[in-house]
Amino acid sequence: MPHCTERAAGEDWPAWPAGYQPTVTLHRLAIVAVAVLLLWAGFAVSVTAPPDRSDYRRTALQVAASAHDAAGTGALIAHQQLDGDVFGTFADAAYDDATRTLSGAATRLTGEPPPDDASAALRDGLLPLVQEAVRALGDAARATSRTALRAALGVLEDVAARLADLIEANR
Amino acid sequence: MRREHLETPLRVSQILRRPVTDRGGRTLGRVADVETDRDADGRERVVAVVVTAGRWGRLLGYERDEATGPWILEQLARAVLRRRTVRVSWEDLAELGEEGRTLG
Amino acid sequence: MKRFLAVALGILTAIGGFVDIGDIVANAEAGARFGISHAWILLLGVLGICSYAEMSGRVATVSGRPVFDLVRERLGPRVALGNLAGSLFVTVLTLGAEIGGVGLALQLVTSVDYLLWVPVVGFVLWVVLWRAKFNTLENVFGLTGLVLIVFIIAFFRLDPNYGELWHQASRPGPPHGEDWGTYWFMAVALFASAMTPYEVFFFSSGAVEERWTAKDLLTSRINVFVGFPLGGLLAFALMVTSATVFHPRDVSVDSLSQVAMPAAIALGKLGLAAAILGFFAATFGAAMETGLSSAYTVAQYFGWAWGKLRRPREAARFHTVLIVSILVGVLVLMTTIDPIQLTEYTLVFSAVVLPLTYLPILVVANDRGYLGERANGRFANAVGVLFLAIVVVAAVAAIPLMIVTRMGAG
Amino acid sequence: MLIGFDLLDRQILDRDGEPVGKVDDVELDAGEDGVPFVAALLVGQRALGMRIGGRLGRWIAGVALRLSLDERPAARIPFDLVAEIDSAVNLSVRRELLADPPLEVWLRDHVIGRIPGADDAS
């Protein structure tokens, strides 16, 4: 059986688990602080840097996809309203949800200036479609007659199809 | 600190994780557990300490025979946690390494 | 006869109680964007929760120790404290998401913004947990949750393209316009939605509190092995109806109103009403379970008196944690974060913390000192280790996938 | 018996199976021959905090000290009161005989007990 002799902690021992010795804690704290700073700096750079062409295109395509989702969903709701499948409170809430998706997308598109001419062209193709979707969705939500609803439905389906084409063309 | 000079009452947490070396100064590891046995008066008296070289004091219960399997976890536990586990009887324990922390 | 009824009730409650806001969101989103190419993930998740719940139910019944009690006992106070912090964070966020889900369901029938409902729901939730007959209510909500069967009926009424669905299910992978990153991100979220840690905290604590004995073990197994897969079937119905309605139109789902639409399209107003009632029951039931689970984890770590059957006065610390958890859940929603987005985040974090509670249970389920002959057999261990590997991979992959795919946006 | 495995971090139950606390630390006392024996179980966040150690442990112990509202040391349960150790540590007495944890008492008297219905079983 081995005998055990006195020995100062930390001589050639692995360090105590975190926080046992003040020096270790300070050391770790410094490493953590530097890591956080670096992460934060990286985050700040990536957020504040002006978007390049591919970033812009990615954003634009996401906006187009959201607008397409909203227009498609709006068309579905209008369809169900015409068929008498939904009650009023549900339709209101569903139109609200679609409108929220759409307005979020529109804000993202107008919030970022396009970095070059190709990006500007993409935006100019997309923006009218988004605006038309907003208008048609509003019309459908407010429609009081079947005729008005049917008209809004037609526009929504048309916009959704054109947005799908735009997404496909820029993929 | 010499074993005989341990101040009582003593908390088990003051013994656990203390470094243990043999007479030749070879490191054995740290105290992972304290073994007791019931004496005639019904007291649980300390008979030995379990010393493991692993950094992680907890053994997930694999130091006991009742804990078996899953095979892969057992192997892992043996390899990582139970590496070079020795039982040092209390009489053989001359001194415990410094604590390196204050309690109270 | 009475026993048979009790077993039947248990199964039905397990089916209805399986679905929560995470299942609703993850399945509908996956169905809309990826068709049913994630069906196998859902199957895997259901098998995983069966294995996990069975083990923890067995351990709780035989040893009388719930999950978090064992977590601290096996991992030590320090590691278990980190574990507690992670699990509590996820459970309270999930509680917030469930309360948000109740609010959204109420908004669909009242047109009153969900944010106005949130404090009301939080208060009612607290009152229910404070003094109501919990077991009765658990059964009521579990049984009401069964109306989600409407999605199974809706699926057949939608006249789906079976060939196309089979094609999606049998060739897993991203469809046109999606990539593998988003496919796997969705897979992790879906797996986490089926295998939620709080369900197991709740289940094992219930077993301890109701003092289950070895005789109840059979009942518990039937509940798990019949109830959970059938609950998974309801979740699958949400995925497959969404895949039938939204996927062909290339429309992705990001609101609760969209999730209900297939029921309306197939079954009209009645189907829609059933779907919303189902959402309400499922999310409120889950809010009760997550609220209690938050308090269970803390109380079991510290060894405090806990339990839904105790007088609040006799478990003051437990009830204080419960109140604080509900308050935090409500406050999180009051930041106006979208409850659906909150759900997506909770699923990611849920995947990250799952191994921390799964590992100790797997280890203890093998401990003959605790379970005697009821310790894991070879088969249970093979399954247990397989899922440990899957759970670890999902936990490691969750955050990188979240960052790379920008929360699944691609 | 292994103190680390069989005692530490186990749930303590009274003779009726009611939870008393966790074994947060174990106190040893020296016998006549100088060999230590298990004297008592220490229960409470102060004992836990001191055991965890480090900044976090000191913080836990500090908070517990402040919440305990008096200078009482961590709850100490003499080992003689332990009847049996299985998956939990079972005492031979009812928990009413032990001092109630100060945090529980404070919350009961100032928060939970003041809400209507606190005495109703569900």
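Note that the chains are named A, B, C and D in the order they appear, and that numbering of residues resets to 1 at the start of each chain.
By definition in this document, a residue touches a chain if its C-beta (ideal position, glycine included) is under 8 Å from a C-beta of that chain, and two chains touch if they have at least 3 such contacts.
Quick caveat: nothing in here was measured; it's all calculated off a predicted structure.
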item: Chain with minimal offset from the mean of all protein Cα atoms; value: C
item: Pair of chains joined by more contacts [C-beta pairs], B-D or B-C; value: B-D
item: Interchain centroid distance [CA atoms averaged], chain B/chain C, Å; value: 41
item: CA centroid of chain A to CA centroid of chain D, Å; value: 49
item: For chain A paired with chain C, centre-to-centre distance based on mean C-alpha positions, whole Å; value: 25
item: Multi-partner residues of chain C (at least 2 other chains); value: 76, 78, 370
item: Contacts with two or more other chains, residues of chain D listed in rising order; value: 51, 53-54, 56
item: Contacts with 2+ other chains: residues of chain B; value: 57, 61, 64, 101
item: In the complex with chain A, residue positions of chain C that touch it; value: 78, 107-111, 177, 245-246, 249-252, 254-258, 260-261, 264-265, 268-269, 271-273, 276, 409-410
item: Of chain C, residues touching chain D in the complex; value: 63-65, 69, 72-73, 76-78, 80-81, 130-134, 301-306, 308-313, 316-317, 319-320, 370
item: Chain B to chain C touching residues, read off their complex; value: 57-58, 60-62, 64, 66-73
item: Footprint of chain D on chain B - complex, ascending; value: 4, 6, 8-13, 15-16, 32-39, 43-46, 50, 57, 59, 61, 63-64, 90, 101, 103-104
item: Chain C-touching residues of chain D, taken from the complex the two chains share; value: 9-12, 18-22, 24, 43, 45, 48, 51-52, 56, 86-88, 101, 103-105, 107-108, 111-113, 115, 117-122
